[in-house]
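What follows is a single structure, written as structure tokens, with notes after it.
First chain written, first letter: the chains are A, B, C, D, E and F, and each begins at residue 1.
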Amino acid sequence: MKKIECIVRPQKLETIQTSIRRLGIRGMTLTNVLGCGLQKGRTEVYRGYTLTNNFFLRTKIEIVVTDDMVNQIVEVISKESYTGEIGDGKVFISNVENALRILSGDSGKYAI
Amino acid sequence: MKKIECIVRPQKLETIQTSIRRLGIRGMTLTNVLGCGLQKGRTEVYRGYTLTNNFFLRTKIEIVVTDDMVNQIVEVISKESYTGEIGDGKVFISNVENALRILSGDSGKYAI
Amino acid sequence: MKKIECIVRPQKLETIQTSIRRLGIRGMTLTNVLGCGLQKGRTEVYRGYTLTNNFFLRTKIEIVVTDDMVNQIVEVISKESYTGEIGDGKVFISNVENALRILSGDSGKYAI
Amino acid sequence: MKTSLRKNGIFLGIFTALLLAIPGIALGAEPSVESNAVAIDTIWTLIAGFLVFFMQAGFAMVEAGFTRAKNAGNIIMKNLMDFSIGSLIYWLFGFAIMFGVDQAGLFGTTGFGMSDTFEHLGLSIPLPAFLLFQTVFAATAATIVSGAMAERTKFMSYIVYSFVISAVIYPVVGHWIWGGGWLMERGMIDFAGSTVVHSVGGWAALIGALLIGPRVGKYSKDGKSHAIPGHNITLGALGVFILWFGWFGFNPGSTLSGTNPDIGKIALNTNLAAAAGATVTMIFTWIKYKKPDVSLTLNGALAGLVAITAGCLAVDPLGAAIIGSFSGILIVLSVEFIDQFLKIDDPVGAISVHGVCGSFGTIMVGFFAVDGGLVYGGGTALLITQIIGVASVFAWTAVTSLILFGIIKATLGLRVTEEEEIRGLDIGEHGMEAYSGFEMKAPSINI
Amino acid sequence: MKTSLRKNGIFLGIFTALLLAIPGIALGAEPSVESNAVAIDTIWTLIAGFLVFFMQAGFAMVEAGFTRAKNAGNIIMKNLMDFSIGSLIYWLFGFAIMFGVDQAGLFGTTGFGMSDTFEHLGLSIPLPAFLLFQTVFAATAATIVSGAMAERTKFMSYIVYSFVISAVIYPVVGHWIWGGGWLMERGMIDFAGSTVVHSVGGWAALIGALLIGPRVGKYSKDGKSHAIPGHNITLGALGVFILWFGWFGFNPGSTLSGTNPDIGKIALNTNLAAAAGATVTMIFTWIKYKKPDVSLTLNGALAGLVAITAGCLAVDPLGAAIIGSFSGILIVLSVEFIDQFLKIDDPVGAISVHGVCGSFGTIMVGFFAVDGGLVYGGGTALLITQIIGVASVFAWTAVTSLILFGIIKATLGLRVTEEEEIRGLDIGEHGMEAYSGFEMKAPSINI
Amino acid sequence: MKTSLRKNGIFLGIFTALLLAIPGIALGAEPSVESNAVAIDTIWTLIAGFLVFFMQAGFAMVEAGFTRAKNAGNIIMKNLMDFSIGSLIYWLFGFAIMFGVDQAGLFGTTGFGMSDTFEHLGLSIPLPAFLLFQTVFAATAATIVSGAMAERTKFMSYIVYSFVISAVIYPVVGHWIWGGGWLMERGMIDFAGSTVVHSVGGWAALIGALLIGPRVGKYSKDGKSHAIPGHNITLGALGVFILWFGWFGFNPGSTLSGTNPDIGKIALNTNLAAAAGATVTMIFTWIKYKKPDVSLTLNGALAGLVAITAGCLAVDPLGAAIIGSFSGILIVLSVEFIDQFLKIDDPVGAISVHGVCGSFGTIMVGFFAVDGGLVYGGGTALLITQIIGVASVFAWTAVTSLILFGIIKATLGLRVTEEEEIRGLDIGEHGMEAYSGFEMKAPSINI
């Protein structure tokens, strides 16, 4: 099993979710994060002094899937997240050793 | 070392935490997440039109432990999280290569 | 590639970020978390009854880097986060199998 | 232009008003000393009534702020609807019960649907102004209950309750003490309604909270009480400031007369009692709990206001400060007693603020009334009357509320399902969230 | 001390006031029955004006609360600036257009920059008090638009719009109906401004929202309308309570006379219509959507208030309750119609509340005016006049707004960039965030 | 019923009021032209006082909204307590210092604990009404400081400070200018208290903020100033609207007389100055910083209000607009100067708004007073008097505050520990959180 972790623009979430569902994947977990990367921070002026904020609101999507689904999902996500502007985000893939579905007690690939 | 990552109902948090403490584990990190899975979304009506929300507020608990504790902890979590209703959540286990306790500089299993 | 995940005091964030940037690392992702560890919870009195809160607001910093950068970064983080008081936080290191930069389509170490 | 207007005999819209404003044109009648005095009384009563109306906003903010975010929309809705429904039903029904021609000292019997001129009241101000003023008072009594029953009551059941309290429960008490009923005849002093308004609301809240039971998670199996902190103390505090502001209409306005020179004293007494209540609660919680408690201190200000409402005319400023100070201690003890001993779950402290301090303040008049109070050598006659009044109102309200909430419980049900309660009433009852856009802690954890 | 003061001939500061307060010293003139009547009218008008001013806070809270957090600072700023700029321009320009000496029944022509005594108005109250009262009314009309165009309008363009509506569009209508113009001559009844104030704001909002187009994400490509929930319903509800409170200045204050015995009736009618509006909307949404809708019910209260504004003096309490009830249904249908059929994106329902219910309420006067209404056997004359009035105001406002917004669109541009809209106008237009310190859901997701 | 009432000789409760309201029954005295005039003055003063009271809510919202969430409960508590404690101490002590019989032009010496009739004031309105009005003014001065010292001051120390300013520092200045003291004798014009109330608060704030030092993180080691944005701009804006609303009591109410025909002009001037202040600040920040700054524009409205307070009676509307406009620029420069040059950390801009603009507005009276101002050919006499007044009040307030805060610092300590400051004063001082239920950004990061 692999965990696909991607950091995307929040406004892309809805289309990403819909496309992933079409692949038959329903489970996913979202986290609100602040991301910093190559994208240049914006400068705000508040009461006369400037503050530069290098962090942007992003959404982290975590999906744990069996190994064979990984490529397909990454592809969909990349496609849906792409805008061509800096800040489009990243995808990280790591290994998950086991999973457990609490309700049924199923583990391993039956759990996801 | 393993990282146990579980997505549970927030209202179960207190009992889970108490039970885990009983195993001698004190370190854990909580994150507020939105989860989507088999549980059917709820439909809200706002100013006359319906919006379906597939995401539920969930809490992610991350615990890094030595390999020998994993089973015990997973068992406790499953037991405390179980309600029998869809949406009870999942547990994922993955490998952690090293850990460091900043205060003492201890690393590896001494760090957790 | 490795993922460095560290849980630090929020007020240390700014100096940590600055120091890491100096190493040439710009990408990182922050999450607001609640942490519980050896640090003793605080007791609040609200309308006459006490409630003990074992959780503290912490910031989780995730940085994915090539293997050779790991030690350097961990060192910087430990140094900047250190206060000598309990609650200074932890660093966890785990393996990341692949990464993808959505904008360019680069993968592996070119993506980070 | 004026000429052409007159030529055409058109006197409409704002311009009529302009012309009416010129003494000598208004209604064809010259202004007189008497008509001016009536006008002063009318604008005073109306403005005071507007301030009392604004207290609805105060109640809404206090109740919403002191409870959890997941129920904020529901509380707002309850406050809006008890005022709206209450306004309609009091106009059609409650007012007649309260101020109609007296029947055996118990209730009024005439003027339903405003089918009467209510001449027997001998009002100098126009009847609609008086009705408006009474309406906003009636709605205050109704709205108190929503706080004590917050975070678990079915919306439909709350609507039914509001209807009945505004139509019957409150107007009957109002008749007894203000509308020519038996307590008025006995000489009870409840100038602006510590008992009539606040204790009626408070005691109905007591019965309601008792019958509905505590919120999920409030008491653990071993009976230990847990804190469930409010979600927006800033808003709650704003609510307290709004209530205090509104109380300057509530008490001084109850003269129904701006020509009455006592209005200054009443306003001063009201302010001193509130200030003393807040100050003493702060000091008392500081000593008792080691830290000055914000939410109890806010309650303390309200406790002082509720307590002085009965005697704001009858006592002097020192008496007002003393009554306020006592209330500042009483509120803390009462909140603790109800929560930890009686184990009745009152999220915002409404029973203590309105029921306990309202009754307490009414009895204190028996001690501190400059004219007739025990402390000023007036003997115990007034004190006994006050106690009888407080007790009878308690009995009436408790019994009728018990019947009312009992019937609702047996038919509609009082409480939402546990699942709905955990998820929040905003979603469950109204399909919405109050704070869309904010990241919230998941409902029902309070770490 | 008093003696020494007199000796020195110093009559300054607060002390002057003290002395002025002593009848017989003030301005060297003894108080008389007439001067007292004028004083009563003056304080009434001023206090009512203060309440109407406070409605600005209500509008700001409603509009901010019903839209997203990322635009809250921008909305606040718009509300603050339309009032501020409006106050200045109305003082220098708009007031003269509205109340200057009439030209062909169309607009005023004298008194720009207050260079006139406006004696032709025959005011008994001092001119500055009248001007203040009219200023807060003018600002109300202006502020309505910001809600309908919220979350996407360029700040600069909004400033230009505010300027023009306060200087010309509103004052011309005001002149027609209140300032001696042709509709006033025809006998149109719009006592406190359902048409003059609210429908002008509402129709300008309609044109503005039409020209600027919907918010990003509001309609999907297939034309389906999506909900974009407001970020702070508690604050929105506070806004509604503040508006209701302010309306007690808006309607009863429009007599400009505290000696007018009708002020009680007007206040009562205002309250009943609002209560009926809220109650009926709650019931109607409950039936229609299965759940009582909080935000529509809040709109329902406002709908009742807007609708009764024209006829608050002319109708009786029953008529007020009926007009309020109808508005409670109309508002729901209108919001749905505009959103889903016309596909005009009005985030807070301003067009429906102010434009539709304002016009509806004005027409209802033709039916329910006790004196002249169809229902009371008064024939159709008044009704026809009312309809002509409503239609002409619609035509004037729509055409001038179309020109105004058209020009702005062609020159400055009406809309911010899509990127800025997604990120939020607070950052884009003002470089700040309204809720720094809170974790927010990322802008533009609403899950 | 009325008969039976009379038979029993019972005239109590609300019914008494009803009867009192009938001219001819009230206190056995027929209403007269004089009694009506007094009644008009009394209700005007009281209602104005109520509005000024409500400014406390405005201050609480502005100060809470403009600072961080972790200190919101503490700020609320400070605002509540300075009003409460201030009300009590001013009643018992401060009022006597301010309005007691004059001693050498410096302070009053009689009437402590209200043991006097204060007949030497020659008040026509009842003394309690006057006292209430003065109390809410005194509390305004006290509350200004909490904003400037927010987010780091020990609660206990703040309580001590409040006590002293309401008991001594403010009343002495009040005596000088309003209570028959030496500046009053000299003819200084500070009609409603730009200097008496606002500059006293502002200068005390200056000394307090100077002595306590900046918040952790405000200035980096290199002396660079960092922004620490407020947590709730919507609430802060609501506070500004509430303050503006309350100012309609503050200025026009300072006539203490509703029969004074100038109240309309005062209200108009007040509104124009605020509108001009906000407008000019918006334009000025737009030019200076490229974007119209929301929080400074909100300050700009307050700057206009503070500045016009001294001259609201003496200047004409054009003068008011000019004074307001200048303040709109001054506030921006002053905030920058204090923050970046003096390096005094004033989280909400209180020193600039109240101290600087209050003094500025007072001096401007010397230029723009229609009667005696330099611009109107009145020479420099008044201007010099104004400057002397402003300077003496600065000296008195600065010296006494220095002593006061110095003693507190040396004994109780002014500041909480750094750890507590980082975690937030809500937890540290009161054991609570203001926004339980919301996910917050961790205290002390502001990304």
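One rule holds in what follows: contacts are C-beta pairs under 8 Å (C-beta built on N, C-alpha and C of every residue); 3 or more make two chains touch, one makes a residue touch a chain.
Fair warning: this is a prediction, and the values are worked out from it, not measured in the lab.
Participant: So which chains are sitting against chain B and chain E at once?
Facilitator: Joint contacts, listed by label: A, D.
Participant: Looking at chain pairs D-F and A-B, which one is connected by more C-beta pairs in contact?
Facilitator: Of D-F and A-B, it is D-F that has more C-beta pairs in contact.
Participant: Quick one: report the Å distance separating chain A from chain D, using the average Cα coordinate of each chain.
Facilitator: 52
Participant: Which whole number of Å gives the spacing of the CA centres of chain E and chain F?
Facilitator: 30
Participant: Chain F: which residues touch two or more other chains?
Facilitator: Only 33, 36, 38, 40, 43, 47, 125, 229, 232, 235, 238, 289, 291, 293, 295, 431-432, 435, 438-441, 447 qualify.
Participant: Where in chain B do residues touch two or more of the other chains?
Facilitator: Where chain B meets two or more other chains at a single residue, that happens at 30-32, 34, 45-46, 54-55, 58, 94-95.
Participant: With chains as vertices joined when they touch, what's the shape: line, ring, star, complete or other?
Facilitator: other
Participant: Mind giving me all the chain pairs that touch?
Facilitator: Listed by label, chains in contact pair as A-B, A-C, A-E, A-F, B-C, B-D, B-E, C-D, C-F, D-E, D-F, E-F.
Participant: Can you tell me which positions in chain E touch chain A when the two form their complex?
Facilitator: 217, 422, 427, 431-432, 439-445, 447
Participant: Could you pull out which chain B residues touch chain C in their complex?
Facilitator: Its residues touching chain C are 3, 17, 26-32, 64, 94-103, 105, 111-112.
Participant: Which stretch or stretches of chain A touch chain F in the complex?
Facilitator: 34, 45-49, 51, 53-55
Participant: So in the complex, which bits of chain A are touching chain C?
Facilitator: Touching chain C from chain A are residues 2, 6-8, 31-38, 54-55, 58, 60, 74, 77-78, 81-82, 84-95.
Participant: Within their complex, state which residues of chain A touch chain E.
Facilitator: These residues of chain A touch chain E: 10-11, 13-14, 30, 32, 42-46, 57-59.
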